[in-house]
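Chain nomenclature is as follows: A, B and C, assigned in order of appearance, with residue numbering initiated at 1 for each chain independently.
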């Protein structure tokens, strides 16, 4: 088998050196009754060209070349080519966790830079070297607040991504942590009056997302005031990292749990992504996940090491801040390179383009459907309500090779025929115009779709 | 290394110095030597209750964490603030780098602890030299 | 230095500071296409939510980014450069075809919420990989959702809890051998179980008598690694499984050491009820400097109702889809479906091997570990005489007489051109040297490793300071980890 660097002569020589008659001797410790005497029933060995063909077929079956209006926690942004050029280097791709600092300075320094940039973007003082994803980062952040405050319940905004809330519920159930949910107001923002009633002396933290699941930017300052007044911590989840280019970060928050997928980690059908936790210096010893710190060697030369490892599972075992071991280092490197490519000016310009595209789309969709939550600022996602079932509309759009917005009935049944639409810098005006026209079809069903498009673009 | 004779010792390598109703607690020089360079000490707040034999905090080196066990029961009246910024003081002089001061709940508990001589013997046995 | 190091030589390498130290206003590596929709007044749209300043984010050009990361990369060791003898990490070759196929547009740009009819390719990948992993493990069903091994352990214990709850008899404890990886007890605590330690016997295996006495109706499961962290196969596994099952408990297997078993034996056949796999170990997905991983959990039928949602199903019309309506499910352990990119790679690896390749891989892994064991026997202390499978554990007992410990030997190994083995784990072997070559090592590479370890042992006798001060040939020498922990500096700050 071509990945195995041994000739039959090598194997013979090794067996002889070991003093074994055959390889079977080495498997003798396995009780005979369990040893497999047959081939595994997996597909036969394939040539490299066959593997490529097999996956290319799957890629085709997955439909490429569609324009998309999907967001909802996973965002389609342009991927600068140097990201792959650099992360494909074997020294990054095939390197191990940097426990041996002297021969891992490349990985360690890049993580240190990543931590720095996340702090700059989120307005926090320390950031870790990544968590699995935004959803588990949010759950771990809530657990962190519980440890720090010694209080045993949490208040969660309903405008937090539904799957993030599901994950938190799973983690919380087994820690005996009751969660109470606070609804959103007509503005799309967290209902602050309801929040006031929900916070108790047992509330460890309030969890919000901003921009929230609907794309609406929360009033972080007001929520922070209220939360802190009651001695609780504010955890802010961020699912769309690019928003930090143009939207003020949640500086009044205590812990930020972010999904960095937007820093062009490929959508990849849901993973791998890149979560991060960022917080204030004073909480660092309760942070889960790996941390890289700066230090010097015996000659005074600057270097970087994994540090504060005593928080982690391999030392504290059952008293660890988390059970996390593997993180998302390579993905964090992609995000790192992305942040460098756009940088201080480019990130803002990119975010502005996203804002402009969504504003244009909302305006045009708004002619034929009701745009919800207009009472508060948004980033690049918005919710519309149509008289027609969004799934029917989306079917129509598929015919034009467009994937429409996410129907929300499954997550928010009271919103009826609502759907969540996202526009990024990758969304073309033509796609927006076509989609708007096709959304309009039911509202003015006398006109055929093509004429609609002509009308909108005139 | 002589162990102060006015201290009492536990098998978990804590020392306690009684002064009437009050006591001062720290870890022995043997403990700091086994731990290596100490990087962080986690101590209880003033007002917390210690229960003899139960953990009341921890001390960390780069690669390990060790629990601190209370030699006696009582209420914490003072915590050594210096250790928050300079935990290395414990490595420099473990018997001077006190961790907490308590008012003793039951001073008789100290009678079951080891004297300096007994502790020294215990350490020799445990370390095998 | 007395010996010639054959594997590695010192070489000029580039210095490089932090990217922020190169940053200068006006440098740029980006250019956006012109906007095809009207510009917006951000102040009007966002009001007080508008961000005006991105602080100290860098401004650099494209070539500076390329040079920065290329230079950094040359400071790393990697599988592509040579062996990692790290025990239980299974640092095997990361095939490049895996990278190519995962980048096909329809897979790389698939949104997790796109309609099922546009996701048939992805769903087919999920299904095919699931079927292969189920067959390899000898189990009945699987979830691919967990993001890494520890996450898989968490998911597994959630399933254990749901199972016992469904029987109306929730249990409180998990038994964990003292040789276990730290994630095991950490996970048990996260799920709200108390951890009870199970001592190993004199051969480093599970003490079956101790297990029998500690097993009762309060124990939910035993978390077992097999082969264990000494690389030894638990020969009494049938007794272990029976003891657990007789009192209604479950046997969880940590699949970190599957590289010794694939194609030769199946955990489902020897009594395991549920187990996690590490795709970034056994199934060749790249470590990437620390992740991503993927930790699928394979289960027996009895646990099927509790699987995380959603589950892949075949619809009436033959197409594939996701099923969400599963009332007894433990819920989700993460958003979306799992680390799909790793599934593509693991499946490509499986297809590249086929049944014969998988078996040969396992045989070579065990062959290699035993070759190294033979080569170093007598040079380093072997605490347990039990046969090794895919990894071997020595101790530093002989070298400690000269004041040299496993960490020092490991650092000296760097000068010989190798990454260190796993030091100081498992905890039951004081001063452990845990070595797993994997099947990816040739006889030539292993001979160089054995030679290097022999030379170091000689150096310990003749010139121990050389070993204690190692490494001597790296860009940075041993770093002050104490200062890093006492006064953590976790980000760059601009000079005042």
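Quick notes on this structure:
Criterion: a residue touches a chain if its C-beta (ideal position, glycine included) is under 8 Å from a C-beta of that chain, and two chains touch if they have at least 3 such contacts.
Quantities reported herein were computed from a predicted structural model and do not represent experimental measurements.
Two chain pairs, A-C and B-C, are weighed by contacting C-beta pairs, with A-C ahead. Among the chains, the centre nearest to the mean of all shown protein C-alpha atoms is found for C.
Mean C-alpha position of chain A lies 46 Å from that of chain B.
If you average the Cα atoms of chain A and of chain C, the two centres end up 21 Å apart.
Taking each chain's centre as the mean of its C-alpha atoms, chain B lies 39 Å from chain C. Contacts with at least two other chains are made by residues 309-310, 315-316, 319 of chain A. Residues of chain C in contact with two or more other chains: 481, 484-485. Within chain B, residues 39-40, 60-63 each touch two or more of the remaining chains. On chain B, the positions that touch chain C within their shared complex are 37, 39-40, 60-63, 87-88. Listed in rising order, the residues of chain A touching chain B in the complex are 285, 309-310, 315-316, 319. If you check the complex, the residues on chain C that touch chain B are 424, 481-482, 484-486.
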